[in-house]
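Working notes, beginning with the structure itself.
Residue numbering begins at 1 within each chain, and the chains themselves are lettered A, B, C and D in the order written.
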Amino acid sequence: MDREQLDLESARVMFLRVSDAMVASKDLLTELDRAIGDSDHGIGMARGFEAVRRELERPPFGSVGALLHCIGTALLRSMGGASGAVFGTLFRGGGARLHDERALTSAALARFLEDGLEAVQARGGARTGDKTMVDALEPAARAARARAGEPLARALPAVAEAARLGVERTRDLVARMGKARTLGERALGHVDPGAASVHLILRAMAEFVSA
Amino acid sequence: MDREQLDLESARVMFLRVSDAMVASKDLLTELDRAIGDSDHGIGMARGFEAVRRELERPPFGSVGALLHCIGTALLRSMGGASGAVFGTLFRGGGARLHDERALTSAALARFLEDGLEAVQARGGARTGDKTMVDALEPAARAARARAGEPLARALPAVAEAARLGVERTRDLVARMGKARTLGERALGHVDPGAASVHLILRAMAEFVSA
Amino acid sequence: MNRIFNDPDLVVEDMLRGWLQVHSDLVAAAENRRVVRHVRAPIAGKVGVVTGGGSGHEPAFLGYVGDGLVDAVAVGEIFSSPTAKSFFDAFKAADAGKGVACLYGNYAGDNMNVKMAMKMAEKEGIRVRTVVANDDVPSAPRSDREKRRGVAGEILMWKVGGARAAMGGSLDEVITAAQKAIDSCRSIGIGLSACTIPAVGKPNFEIKDGEMEVGIGHHGEPGIKVVKTTSANAMADLMLETVLPDLPFEAGMEVAVLLSGLGATPIMELYILQARVAEILASRGIQISRHFVGNYFTSLDMMGVTLTVMKLDDELKACLAYPCRSVGMTVEG
Amino acid sequence: MNRIFNDPDLVVEDMLRGWLQVHSDLVAAAENRRVVRHVRAPIAGKVGVVTGGGSGHEPAFLGYVGDGLVDAVAVGEIFSSPTAKSFFDAFKAADAGKGVACLYGNYAGDNMNVKMAMKMAEKEGIRVRTVVANDDVPSAPRSDREKRRGVAGEILMWKVGGARAAMGGSLDEVITAAQKAIDSCRSIGIGLSACTIPAVGKPNFEIKDGEMEVGIGHHGEPGIKVVKTTSANAMADLMLETVLPDLPFEAGMEVAVLLSGLGATPIMELYILQARVAEILASRGIQISRHFVGNYFTSLDMMGVTLTVMKLDDELKACLAYPCRSVGMTVEG
């Protein structure tokens, strides 16, 4: 089934599945943060998306923007840490200009990711190549823009794939931000945990629309 | 050479060799205390006999009693712990009635060990079978009394052997004193470190007179 | 991992329950359970002093709430910055109308969450100014000081800022004093073993037997180098070699020294180290006029130590001497 | 073993150097370097309070020298009783003519060395009376109370004896109060990991991953049983089950609770445990009127905890509330 777009109710259910996926990724993400950070990323993301799940159980949402804002707020309020600020900002900033959208289209997806990226960068100052989640988010946003005219079910897998490649590229980066910075070359060979989270979120979205 | 007795200077040199032996037994005794105590017995004995060595470097001593008192005082002042009190008392109490003796005879040895035993028991209340150094000292004192008429060089090896057998018997005892008490049956199979020290002291004395 | 907890995801909640009860004469929970405030906060006529950070560093951060110190802290999960909302609620709990000095450490998460909290505060008309601690020398070169982490120097920053506020200082005065305090501090840590987050269940990183991580951070962030373990004296020398030239500390100066265990270090060993630190400083003509030795800022069950040296002037000395009372630090009047 | 020391045989010397320097406002060395005394000891008109014990338990014993507490301590090697001479010199350092209360723990070495020291004191006309702490429930059955070890209850004994002395009590009054204090205390420890003496270089005993030693002593003496590790709540329950019936503690009583880490236990975890202890006591109608939570009596780098519950009456309450100032414990006036 090649879904063109998702209505609000389907988008809500999709993010419930995303939440399940992120909660289930707790150990994986913790392991990644253990390698080059302080081992709390998976714990934080799991806590954050458990809060998201609770929030999403109370529909309806009036717009894509409202849905994303609700997700971002749940993350912000529950997570803390660098990733609470960053992922909260991704969703809240990404939804800011989608308060008139009644469906999640590929164009809306592109706006979500682009605006989210901009908000994240404004918040934390990370640029491409700093070995942060920006290294997955930026190529994902670009891929989404390139496929903004395609059906969502075709665009999302490509966007997720772009994020995945971005994650892989972080292996070759030395961190210029966050707890991994002082690792220097010891960070080489390890992917950035926040980048991995961006990919996992997009992959769960892609799986939902392709299912 | 079957020495009948030791003059004061020889006795002094013998206790210097005893001190060397005890300092060299540091790790062994620590291991024994590690099994059923708090791992400090070898450290304490080594510290004590280093102090003895320093004291014995300043002759002359006027009597066997003075020599033993000097050793006991050095142990008391430097060691601390249960064994500082016990071994200090062994030597000081053991020398109390030897202040007229100008030579270490087998009879003097018997009095040293008997009076020492009595002083130790008065000090700490341990009885035979409590799994303490008393379990080596008591048979040693008995053996010394039995051989009080023999030449010292014949008596001492037998006395040391009696102590060794006493040490071995502590393997089958449950402690009723000291840090090993709460071990209960877990102390079985392990010898008492303080008993081992008694044997090591007597063995070093025996080796000196037999050399 | 043999440790003491119930649900590993609820260690902070469970700790707070015990803490609030034991120290009910000193602190209370705010409406937001992740904010611990002075029992009397907001204290009328006084600038509010706020800090916050991840848990697992006890007695930091919440242990420094008290008289003449911090008015409210935002409490994060283990090793995770508190949420923006918690920082904001801590501002509210501390603000008596004279503004809030938010004195915190330089970590990505704290920076972002404090910034967001300040936006919320602005909307409600609460004036907040910040000082960001960056005393950890090994975490960035001197030319990049603004990238350095905040470590145990934060405590001296709180002490000075807290005293300035208790003396009746304005927000600007408190901020200026706290900024001077942290600018006068240089710190370095040495890690001797890793720490384990209960919810993770295995060590966060690895320190081999016979090796130590020089320049380690409070979450196990790697430092300058991994070297073979050395004597306490050589450790002290190594730490001072890094710390002293950085300010630099020079003959004739007066300093405060804070030597903190990282959680599992026997107190005895801190004093062994301190004996050498004092010897070296004396030999360089640097006078220690205040010592703090103990577990002031820890990292769960990490074995290791941080050394902080703070250059003093009359104002800083007066602020350090000013009475305070808290779980983490008490200075008598 | 990654630890902080120089010559492993000189750890006590090196520590004392650091300690005496850092706390020179409070303590000083006596002529015998293994005696640490209050700066003003002997304090005129006051009964001298003395304790002593092996090192490695910091802040015990020397950390309790201070105002309203202990006047002099005899300092032993790691886990070894001080010498008789050191106890005697501590008596001399503390005696202002009103006699000396020697309040120490029930260990073979301490018993013998104190006894010898008392003989020396008698010769010099110093009056010494003793109280021997035996608060550790698991170390012997109730019928053999005199065989029980002294553990963290010693601190409350010093607090009460120290207060009574500071209030101007006679030697007999100080002894009576200290005896009542320790008779009102019941303690138990749980060990989660072994400790390592630097000069030995390997753990003193073994605690397996996933197991804990219930009833452990301050030197790793084994307790009642080795069981699988449990939740913090179950640990608290286990400890209270042993401690409460022994006195027994009953509904309507007022108590003080002291929860001490054994050296490597994160502070956070002590409060997690404390939350449960308080809950259980409340549910049994027992009222906690004073809490002490922290590293009060440690065993080098051991992971674990001891719980002490003390039954209070008006006299004991007044003594606990009496101001004191020391490295280990400060109660404000």
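Convention: a contact is a pair of C-beta atoms (placed from the backbone, for glycine too) under 8 Å apart; a residue touches a chain by one contact, two chains touch by 3 or more.
Chain labels with UniProt names: C, D = Dihydroxyacetone kinase subunit DhaK.
Because the structure is a prediction, the values reported are computed rather than measured.
Looking at chain B and chain D, no chain is in contact with each of them.
Chain A and chain B have centres, each the mean of its CA atoms, that are 75 Å apart.
Remark: chain A and chain C have CA centroids separated by 32 Å (rounded to whole angstrom).
Separating the CA-averaged centres of chain A and chain D is a span of 54 Å.
If each chain is drawn as a node and touching chains are joined, the picture is a simple open line. If you check each pair of chains against the touch rule, the ones that pass are A-C, B-D, C-D.
Across the complex, chain A is touched by residues 9, 54, 76-86, 107-109, 111-113, 115-116, 138-140, 147, 197, 199-200, 202, 204-205, 215, 217, 219-223 of chain C. For chain D in complex with chain C, the touching residues are 1-6, 11, 14-19, 21-22, 55-56, 58-59, 63, 192-193, 207, 209-212, 229, 231-233, 235, 263-275, 278, 291, 293, 295, 298, 300-301, 303, 305, 325, 330, 332.
Within the complex formed with chain C, the residues of chain A that make contact are 30, 34, 37-40, 43-44, 47, 76-86, 89, 123-124, 177-179, 181-184, 186.
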